[in-house]
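Heads up, the next two complexes both have subunit A, just with different partners, subunit B and then subunit C.
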Partner chain A sequence: MKPTCFTRGVLSLFLVGAITVPLLAADPMEEIKQTTDKILSIVTNPALKTPSKTVEREKLLHQAVYERFDWEEVARRALATHWAKRTAEEKREFVRLFSELLERTYLKKVEDYSGEKVLYEGETKEGDYATVKVKIITKKEKDIPVEYRLKKEENNWFIYDVSIEGVSLVNNYRTQFNSILLQSSYEELVKRLREKNEPK
Partner chain B sequence: MNRVCWICFFLALYLIMLPGPCTGSQPPEAPVSVSPSDELGAMAIAMKPPEPSGEANSFESPHTDEPLLSANQEDEPAEIADEDTSSTSSELEEPARGIADPLEPVNRAFFHFNDKLYFWVLKPVATGYKAVIPEDGRVGVQNFFSNLTTPARLVNCLLQVRWKGAGNEAVRFLLNTTLGMAGFLDLGRTELKIQKQEADFGQTLGVWGIGPAFYINWPILGPSTLRETVGYVGDFFLDPRTYLPSQPIYYAIRPFELVNETSLTLGEYESLKKAALDPYIAVREAYYQYRQNKIGKSRNRQNNP
Partner chain C sequence: MAERRIKGEKMKKIDLELAVGLFLIAGILCLGYLSVKLGKLEIMGERGYDIYGVFSNIGGLKVGSSVEIAGVNVGRVKSIVLDDFQARVVLNFRKDLSIQEDAIASIKTRGLIGEKYIEITPGGSEKAIKPGGRIRETQPAIDMEELISKFVFGKI
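On to the complex of A and B.
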C-alpha cells in the first residue's frame, strides 16, 4: 500500500510540475510571487524554528533566494565600467562575494518578518526585461513600495535589481564601489567585501 | 487597564500640544525626520547614523583622508555612461547620478557624530522605551505626530497642484483628529485606505524645478541637501509645534518624538551598515534617490491626478 501511495504522489507531482512550469515561466509577477510565498512559508514554518533545524532552514532559504536572482547581472551592473576590466576569474570571485553579502542582508530582513502583507500591484514587460511592483503593507505609518527588475533568460525570469522606495540596490552599491575603486584599488574593494562576509 | 493608562497618557499629551497661541518664540530648526519606512527605507532614513566601532572606522578612514572624492563624485555618472557602452546594462537602468558633495569631509565628520549619537544615546534609550511601551502605543504616538504635521503636507500638496492629495490630507486630518482620537489612530489609512500624502517643502521646490544643489549631513537631523534644508525651514513654519507657548515643551517633545521614531526603526540602521561597504556613501545615495523618487512621483501625480 505504501509504495502505491508513494508512487502516486511522485506521479502527481511530476504531472503538476509538467503542467505548471511552462505556464508560469512567462510571467515575471508569478515568479516573484512564487519565490515570495516559498520564502514566507519557510520563515513562518514553526517546525523549522527549532534550534536543531536552523541549518536546514538556512539551506532552504538560501535555495529559494539564490535561484531567483541573476547574481552575475547584479554584480556586473554594480561594478558598471569596472566590470569589463576584470578577468574571468576575478569576476567569478566577485560575484560570489557580492552575492553572499546581498543574500545575507536580504535574509536578515526576512528573519524580521512579522506578518506584513505583500500586495502585487502589477508588472510591465519590455522584451527580455520586466518590472514587478509590489507593496508591503506594514503596521506602521506607511506602506513600502518595492520594485523588482527582472531579466529573462531561457524562458525564466531572474531578478537583477530591487528598488525600495525608489532606492535601487544596484545603484547604491555602484556608487560605493565606484568611490572605493577611484580612491584605492580593486584589491581593496575585494578585501572589504571579504571582511564584510566574515562572520562576527 | 493598561489601555486606560494609554489613553490618559495620550490625552495629556494632546492637551499639552493644544494650547498654542503663538508666542513667536524661535525654537530650533525642526528635526525633520526623513522617515521613509522600514526595509531599505531604513537606508533613506538612517539619519541618526554614522560610524561607531573600529570595524566601521577602518572603512571610513581612507576616505576622510582624501578630500578628492567630492570632485570624483560628480564625474562619476558621466564616466559610467561613457564606458558602459560595452554592455546592454543601462537599457532599463536609470542612470546612477550621484549628488554633488563638496562638503564631504565635514559631512563625514557629522556622519560619524550622528553614528555615535545613535549607538550611545538614541539606541539605548529607544530600546528601553520599546521594552516598556507596546508597539501599538508607539505606532499611535507616531500617528499622532504625523497627524500634527498635516498642515505642512496639505499646503505643499496645494503648492504642487495635487488637489486630490490635498483633499485626502484634509479628510484624513478631520477623521483622525476626531474619531481617531487626536490622531493616535490612523483611521484614514486603516479604514478608508487613504494613504498619507508625502509632501514637504523640499519636495515642492524640487517639483518646481529646483535642484538639490549639494549634499549636507546635518548633526542630529541627518541627511539633507541645500534644497531640503530650505524645505525644513518652510515646513517649520507650518508645524503647529513651532507655535507652542513655551520652548521647554518643544525641547521635550522633539527628543521624545525622535526616540519614538527610533524605537520603530531599531535595527534598520545597523543592517544598512552591515550591508554597506561605505555606509556614508550608502546613506547619501539612498537619501538622494529617495528624495528624487518622491519628487518624480509627485510630478506624475500632477500629470494624472
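On to the complex of A and C.
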C-alpha cells in the first residue's frame, strides 16, 4: 500500500506543479503583446469593417481592451488625494464614467489604425510592478515611444498607466481633475464627464 | 620719556593689528556663511529624508534643483548618477512631509527655456514611500526640440 500512496503523492505534486507553473509564468510583455495582437486582428479584420458590423467590432475592441486594464486603479490614481473622500457608490460610478471616457477618446484612435508597426523593446519587473516599453512606428518612419505600467494581481498583469512620449495618462488626468475639484465640486466633475460621454 | 612713547606706539600698533585681524576673521566667517547658504550645502548633518527615482531622461536637471508640490518648494535634488543608462536621481524631502506611493515625479521646465525642476503630483494611496525608498512613477523631461521636429518634419 505504501508505495502507491507515495507515487500518488508524487503524481499529485507533479499535477499541482503543472497547473501552477503556467500561472506563475505570466509575463507582462507577453500579455501586452497578446492584447495588442488581439486588437490589431480585430481592427484589420476585413469582415468586421462593413458598416453593419461596427457595433460588433466596437464590442470586441471593448472586450479586448477592458480585460487588460485595472480601471479602479487608473481611476484611483487619477483622482489621487480626492479618492478617499468619495463614498463607495461614488467611486463605482466614477470608475465607470472615467473608463468610458478613456475608451471613447482612445478607441477612436485605434480604429484609425493604418498599418503602424509595434516594436516590443523590453520589460522591467520589480515585485508586483512592471513596465513594458513599446515603440510604435508610423508609416512615415517616425517612432512614438509608449510605456505601459502594470501591476500584478492574482498572477495576471493589469495596466494602470500608459505614457506616450513620456507623458503619463494618469498624471494628465490627475492635474486636470485636481484643478476642476479645487475650483468647483465633485458634482461638477461628474457632470462634465457625463457630458463628454454622451454620444453625439 | 622717549622709551614710554615707543611703548605707547607699540600698544597702539597691537590694537590696530588686533582690530584688522578680527575684521578679517569676521569677513571670512561671513564669506563661509554666504557660500554655504548660496551653495545650499548642508554641513549641520542631514535634514529630512531621501527618496530616489529613475528617469529615462532628465534633460539638464542639476544637483540642487528644487522639488515642488503645487509650486511650493518641498525639497531639492541631492544627487544624480547614471545607473544602467538611466538617470538615478536622489531627492531630499522635508522631514514632516510624506509622499504617497503612487505620487508622480515629473521633470518640468520653468517657462519655455527656463531651468529644470521636479514637480510631484501627490497620489491617493494610503501607503507612503519610506525613507530611502523609490518613487516608482516618473515622467522624463520632454524634449522640446524633438517634439517640434516631429511636427515640422512629420509631414512629407
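Heads up, the rule we're going with is that the second predicted complex is superposed on the first by the 175 of 200 C-alpha atoms of A that agree within 3 Å, B and C clash if a C-alpha of one lies under 4 Å from a C-alpha of the other, contacts with A are read in each partner's own complex, and residues count from 1 in each chain.
Keep this in mind: a contact is a pair of C-beta atoms (placed from the backbone, for glycine too) under 8 Å apart; a residue touches a chain by one contact, two chains touch by 3 or more.
The model shown is predicted, which means the values in this text are computed figures rather than measured ones.
Participant: Once subunit A from each complex is brought into register, does subunit C clash with subunit B or fit beside it?
Facilitator: clash
Participant: Determine, under the contact definition given at the top, whether A:L101 touches first (subunit B), second (subunit C), both, or neither.
Facilitator: A:L101 contacts subunit B only, not subunit C.
Participant: Determine, under the contact definition given at the top, whether A:R192 touches first (subunit B), second (subunit C), both, or neither.
Facilitator: In the superposition, A:R192 contacts subunit B only.
Participant: Applying the touch criterion given at the start, work out whether A:R76 contacts subunit B, subunit C, both or neither, answering first, second, both or neither.
Facilitator: It touches subunit B and subunit C both.
Participant: Looking at A:Q183, would you say it contacts subunit B, subunit C, both, or neither? Reply first, second, both or neither.
Facilitator: first
Participant: Of subunit B and subunit C, which one touches more of subunit A's residues?
Facilitator: B
Participant: State whether A:V65 touches subunit B only (first), subunit C only (second), both chains, or neither.
Facilitator: After superposition on chain A, A:V65 lies in contact with neither partner.
Participant: Have a look at where A:I136 lands relative to subunit B and subunit C in the superposition and call it first, second, both or neither.
Facilitator: First partner only, subunit B.
Participant: Determine, under the contact definition given at the top, whether A:I164 touches first (subunit B), second (subunit C), both, or neither.
Facilitator: So A:I164 only meets subunit B here.
Participant: Which of the stretches 22-30, 40-48, 220-228 or 274-282 of subunit B runs into subunit C once the two complexes are superposed on chain A?
Facilitator: With chain A aligned, subunit B clashes with subunit C through residues 220-228.
Participant: With the touch criterion stated at the top, can you tell me which subunit A residues are shared between the subunit B interface and the subunit C interface?
Facilitator: Residues 76-77, 80-81, 83-84, 126, 129, 140, 142, 149, 161, 165-168, 170-171, 174-175, 178 of subunit A touch both subunit B and subunit C.
Participant: Looking at the complex, which residues from subunit A come into contact with subunit C?
Facilitator: Listed in rising order, the residues of subunit A that touch subunit C are 76-77, 79-84, 126, 129, 140, 142, 149, 161, 163, 165-168, 170-171, 174-175, 178.
Participant: Within the complex, which stretch of subunit C touches subunit A?
Facilitator: Within the complex, subunit C touches subunit A at residues 56-57, 100, 102, 104, 106, 121-126, 136-137, 139-142, 147, 150, 154, 156.
Participant: Which residues of subunit A touch subunit B in their complex?
Facilitator: Touching subunit B from subunit A are residues 73, 76-77, 80-81, 83-84, 101-102, 105, 108-109, 112, 126, 129, 131, 136, 138-144, 146, 149, 161, 164-180, 182-184, 188-189, 192-193, 196.
Participant: Which part of subunit B faces subunit A closely enough to touch in the complex?
Facilitator: Residue list for subunit B touching subunit A: 35-41, 43-44, 59, 62-63, 66, 68-69, 72-73, 76, 79-80, 82-84, 86-87, 89, 91-94, 96, 98, 135, 139, 142-143, 146, 186, 189, 195-196, 264, 267, 271, 274-278, 281-282, 285-286, 289-290, 292-294, 296-297.
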